[in-house]
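There are two complexes below, and they share chain A, which is joined by chain B in the first and by chain C in the second.
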Partner chain A sequence: MNTLIYTSILGLLCMVVEIFDFRKILVPMIILGLATIFYINIEDWNHVQFFYNNMLRADNYSVAFSGLAIVISAFVFVLSSDFYKDDSKHISDYLAILVFVLCGALIMFSFWNMAMLFLGIEILSISLYIMAGSKRFDVRSNEAGFKYFLMGSFASGFLLFGIALIYGATRSFHLANIAAYVAAGNISPIFYVGMTMMLVAMLFKVAAVPFHFWSPDVYEGAPALVTTLMSTLVKIAAFGAFYRLFYVCFLDTLGSINLILAIVTAATIILGNLTALSQINFKRLLAYSGISHAGYLLLALISMKGGTANAIFYYSSGYAIATIGAFAVAILVFKAMKNENIDAFNGLGKKNPLLAAALTMSMLSLAGIPPFAGFLGKYYIFSEAIKNGQIALTFIAVLNSIIGVYYYFKVILAMYTKPADETEVSGNVSYYVIISVCLLLSVLLGIFPGVLMHLF
Partner chain B sequence: MMTLLILFFPLVASLLVLISGNKLASKVALFFSVIELAITFYCYLIYKQSGAESFYYFKEWIADPKISFHLGMDGLSLLMVILTNFLTPIIILSAFNRNIENAKGYFSLITFMQFALVGVFVAYDGLLYYIFWELALIPIYFIALRWGGANRVNVTLKFFIYTLAGSLLMLFGFIMLYHYNPSHSFDIRELYANASKVCSCNQSWLFWLFFAAFAIKIPIVPFHTWQADTYKEAPTQGTMLLAGIMLKMGTYSLIRWLIPIVPAGVAEWGPYAIVLCVIGIVYASVIAIMQKDLKKLFAYSSVAHVGLIAAGIFALNMQGLQGSVVQMLAHGVNVVGLFFCADIIFNRTQSLNVEGLGGIRNVAPKFNTLFMIVVLGSVALPLTNGFIGEFLLLFGVYEYNTWLSVFAGLTIILGAVYMLRMFQNVMLGNTNETTSVFEDLKWNEMLVLGIIAIVIIVMGVYPKPVFEMAEPALQQILNNALIK
Partner chain C sequence: MKEVATNYVPQNWYLLLSTFLFCVGIMGVLFRRNAIIIMMCIELMLNSVNLLLVAFSAYSGNSDGQVFVFFIMVVAAAEVAVGLALLVSIYRNVASTDINVLNKLKW
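Our next item is the complex of A and B:
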């Protein structure tokens, strides 16, 4: 569990840098640190270890997801130095908090005790409440932070209540004990109530319908870089914890909430897609598309079996890479155009063909069109769902993928068919690096999916 | 190994075209596509000598769900590859002497399209095939979007979503088939071998998933609504790619995938499908008669012709299948010729209105002769390639059901009506102010139409090699389709 300790130390170091005013080396230091942490994390591969009185468990699942989370954060940090150029006074605070987001995520992937699950979610969420509101003089950002905080606390309440009830039924916070209780049969009704409450909390965190209302507002109001992190790392962390919790503890009792999950899944996919159709703000568009992607991931979670973790992991990787690529382009465009609507992209195909091509490919990947990773991810999820007998839901998901194409293409059409204005769009080299790495990964993952497809 | 070469060469070519710059792009693209044609010819020689065996290439790709990188070329695939690689240089050549903005992107997309199309025809694994099928959509969409006509945005989006909807249904069908198949595989050999083991109750609805995808692409009435507008709005080379090759993806897939992998579904619903096709033939022909716009007229005539091809396939006999293969090749060549003629006319007169033209024969005799041959080929005059195909197709449909063949036969009569009347209006009569300054063919136009005219006649006189190549593959597919 050295990963977690070193990440926390890295976060503390960021704040120390502020004291000595070494802000220039801050970002390189974090990247270097994350690279080291990534390596340390990989060292744990194939060793199942328990830490802190069995509070945490490092296994292949947690190592793989932690690795993904570290990579995603590293991408975001590379973008951060330019993003916070005009606000460099606070950069070390911001970045330290973002490192703590990663800490929370790492706990969420490796918890083996309900208390740790709660801690992980809280560390992640509280850091994000701050970051969502970090543009202090912007009303939307304040609104985003406050809204996220209120709704998030409410969900945390549900989570705690659920944990308490489950403790009441099983007399333990420990995942293995709870699993043993479930396996023994003779389950008390309190347990089901607790499980449903935890389900509500997790559905809130992944922004599934009907607990999704916070997500578009928060995505829109938060600074674009924070939105990037929220739509990738945070979503994946929530799904990682969701799967771990339900797979380890509740697998045998899942039948009792399958109907709820099925309805939520269908509603998430359909509403996410339909609402995305009418969005004019790019961040809101990606928020709703993120909701529909959460729906596809839920499709894998419902009536899950052993292979599901692979599907979730592969899908999340593809989704995260494409989303970061899209946001990296979007941040540049927003900055140049001072406008966050889709029409900010008008004529980008003429102004900067490279960025336009990159965004096009990201959109195609998100829409699930081969040869990009998004396609195989979607295919993998559908195939798993059918294997688990969810034919009707899969059919709904397939139909909705068609709707998805329409709104992703709105962006592509804006870039290639609308007239361009005079404003030049360009960025410093860090953006181009991230964009090309994301593109490359997106294509490579689509062509050689075997690397990430059969980890567990 | 030859299969890998023939598949990936256009991909490499498209990258090289992209970096060659706007000035050289068309020449570089032509150069590489001619080399690709030479490779294809070499493959044909190998095939003549040692059959399809040497073209198989198999490699594990994804372990679970099992997807393999399985390529191959039997006679049927090879014929389609020949069609693709023969038409691509012609299509590229047809764009010479035209002003094309951002030419490197344009020609790069055309060669990339060639890569995807070849991929569709040589993929022997269901999901691999699906990936190429979708991949082919992306370049043609951008070709139509960036270089298309005034109304292109809505039209191409409709086209994209329409065809993608069909594709996704097919994807769903493939996943279900994988699930029902006892050996859990997308490999074509497994799909063929286990086709009869999938419960016919399931094949019954799986049929429609695949049929929808192919019917949209072909297009079979009533799934054709995207087609005429897209043909009209796309740039000429895009229309040629769409009508000449991409449309054949649909008919090829009917033969290669639909019929042998869900035989019980075909047995159940085939009769309805064939009726749909025949209705489409008559319907499209009648609409074509009423068209005033040259490109739209060709588009609807194309719907009628491919409707007949699909009808011949669903007749499920050797004559029908042989006819469909010959007609796929013939129609591919003819329709490219027709759209090129339309482009030549538009380029000179800025008009595609049949009634506003006339008398071009008087000022452009070379163009007149070659256009005449192309038109005769597409109205299926004996000794042209169109005749062989349509005759066999009608014969196949006749074997299946006499009444259907009577209605399907209307296509020849109606086809003659609208094509010859069009020719009369456009080429004959007296010149008017738009056509009096009509300039005769330039060298590249001469070359393109000349090659097409030669192929039309040679294929019409001596179609035997095509039959011989297609026969073994079709026999295998037919055997599979008729297993109960």
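Our next item is the complex of A and C:
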């Protein structure tokens, strides 16, 4: 698990940099470090290895998701140099904490012991509590950080109680031992209660519908760059851990909670899309769109068959790339217009056609329109679901993805049909690099899905 | 040690006690309005889990659970440090620890 060690060292280095005042080269250093870590991570491909007394297991699943997480955070770090330009005194602290978010995500993809699942989730969450509240003099940011803290630690309580009950039933924290206990039959009722509590905690973390209330508030209040990371990396990390936990441990007992999962999935897809229709704040819109995307991912997760991991990986890659592209444009617009509502985008098509085109393509990818990755992701998830007999849920999902097109087009219409004002919107080269890389990847993944489709 | 525990107190009593404490914690989080009390209730939830883990561990003679308790203590301490820091910055801005003042973000 060298990936994890090197990422932690990178985070510590970021803090040391402050002492020697190397802040100018901080971002290039992190990007270089992440590129190295990405390479080291890929080296583990096709070797199943255990680390730290079987606490972590590196397999193709964890390597693929870790690679995705590293790429996503590299994109965010490229944007960060300009985003924190006015606050360069604290940039090394911010970036160090963001690297630790990545550490937490890496643990969540490769855990093989409940202790590691808990530590991974906590490392990721505690870092994010700080980052969400990092605009200290802005009450909204404070509120976002504190709400996230309360909801997150509440959910951790459920997770821990679930882990404790499962420990009581199985006498072990090891995923392999728990799986063996489940396979042996004769499951105690305590185990089911524990499993349900863990399910509740994971649904909290992915912001699925009865537990989604924190996500729009936190997304709106947090600084835009942190929101970018939260809506991509954190959501994917939560899903990666969710799938790994349930696929390895609870596969044979899933029948008992299938109905709950189906209801939660349907509610997440429907409520996420319907509430997004009436949003006027762009971050809040993307938060609800993220909730509905979590619903589609839950639809893939609910059937838990062999091809599901591929569908989840492909879908989350497409979603993450499109979301980063959209946020990169949005950060520039927010900064120029001093306004985070959808009407900040009015007339962007005349003011800066390039950015408007980029945002349009990201929105089309999120809405699931070919030839972008978002379309094929949805297609794979729906076809997996139909293969596994989830006809009714798939019907709901298809219907709702049509509703979804409406609110994505609201942004596109604002850019091209509303009158423009005089404020100029432009940014430095790092934004254009990220935006074009995201668009390129989005189109390439849409045209050549095979690259990521048959990994596992 | 193990024998004493099994002779006098059945394991289920620990389960009931920690479930009760956990529910008290949940109720506190849901119904109290003071941020510091809410944080205390979250601590209560985590500590009820500690009690449960230690009880299970003692009755089964497997020490994993007791080690896990240390993980939870460390993480809970880190979490409270961050939570209090956030609370201090809120207090500086709005001069209150009542969570009803946190109403800038909705719908």
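Operating definition for what follows: the second predicted complex is superposed on the first by the 456 of 456 C-alpha atoms of A that agree within 3 Å, B and C clash if a C-alpha of one lies under 4 Å from a C-alpha of the other, contacts with A are read in each partner's own complex, and residues count from 1 in each chain.
Definition applied: a residue touches a chain if its C-beta (ideal position, glycine included) is under 8 Å from a C-beta of that chain, and two chains touch if they have at least 3 such contacts.
Nothing here was measured: the structure is a model prediction, and the numbers come from that model.
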Three-chain arrangement built on chain A, chain B and chain C clash or fit: fit
First (chain B), second (chain C), both or neither touched by A:398: first
Chain B versus chain C as contact partner of A:54, first or second or both or neither: neither
First (chain B), second (chain C), both or neither touched by A:196: neither
Partner chain(s) touched by A:129 [first = chain B, second = chain C, both, neither]: second
First (chain B), second (chain C), both or neither touched by A:430: neither
Partner contacting more residues of chain A (chain B vs chain C): C
Chain B versus chain C as contact partner of A:417, first or second or both or neither: first
Superposed arrangement (fit on chain A Cα atoms) - minimum chain B/chain C Cα distance in Å: 25
Residues on chain A lying within both footprints (that of chain B and that of chain C): none
Chain A residues within the chain C interface of the complex: 114-115, 118-119, 122, 126, 129-130, 133, 136-137, 139-140, 142-147, 149-150, 153-154, 156-157, 160-161, 163-165, 167-168, 171-173, 190, 216-217, 220-221
Residues of chain B that touch chain A when the two form their complex: 61-65, 127, 130-131, 134-135, 137-138, 142, 145-146, 152-153, 157, 160-161, 164-165, 168-169, 171-172, 175-176, 178-179
Residues of chain C defined as touching chain A within the complex: 15, 18, 22, 25-26, 29, 35, 38, 42, 45-46, 48-49, 52-53, 56-57, 60, 62, 64-65, 67-68, 71-72, 75, 78-79, 82-83, 85-87, 89-90, 93-94, 99, 102, 104-106
Residues of chain A touching chain B in the complex: 307, 349, 364, 369-371, 375-376, 379-380, 382-383, 386-387, 391, 394-395, 398-399, 401-402, 405-406, 409, 413, 416-417, 449-450, 453-454
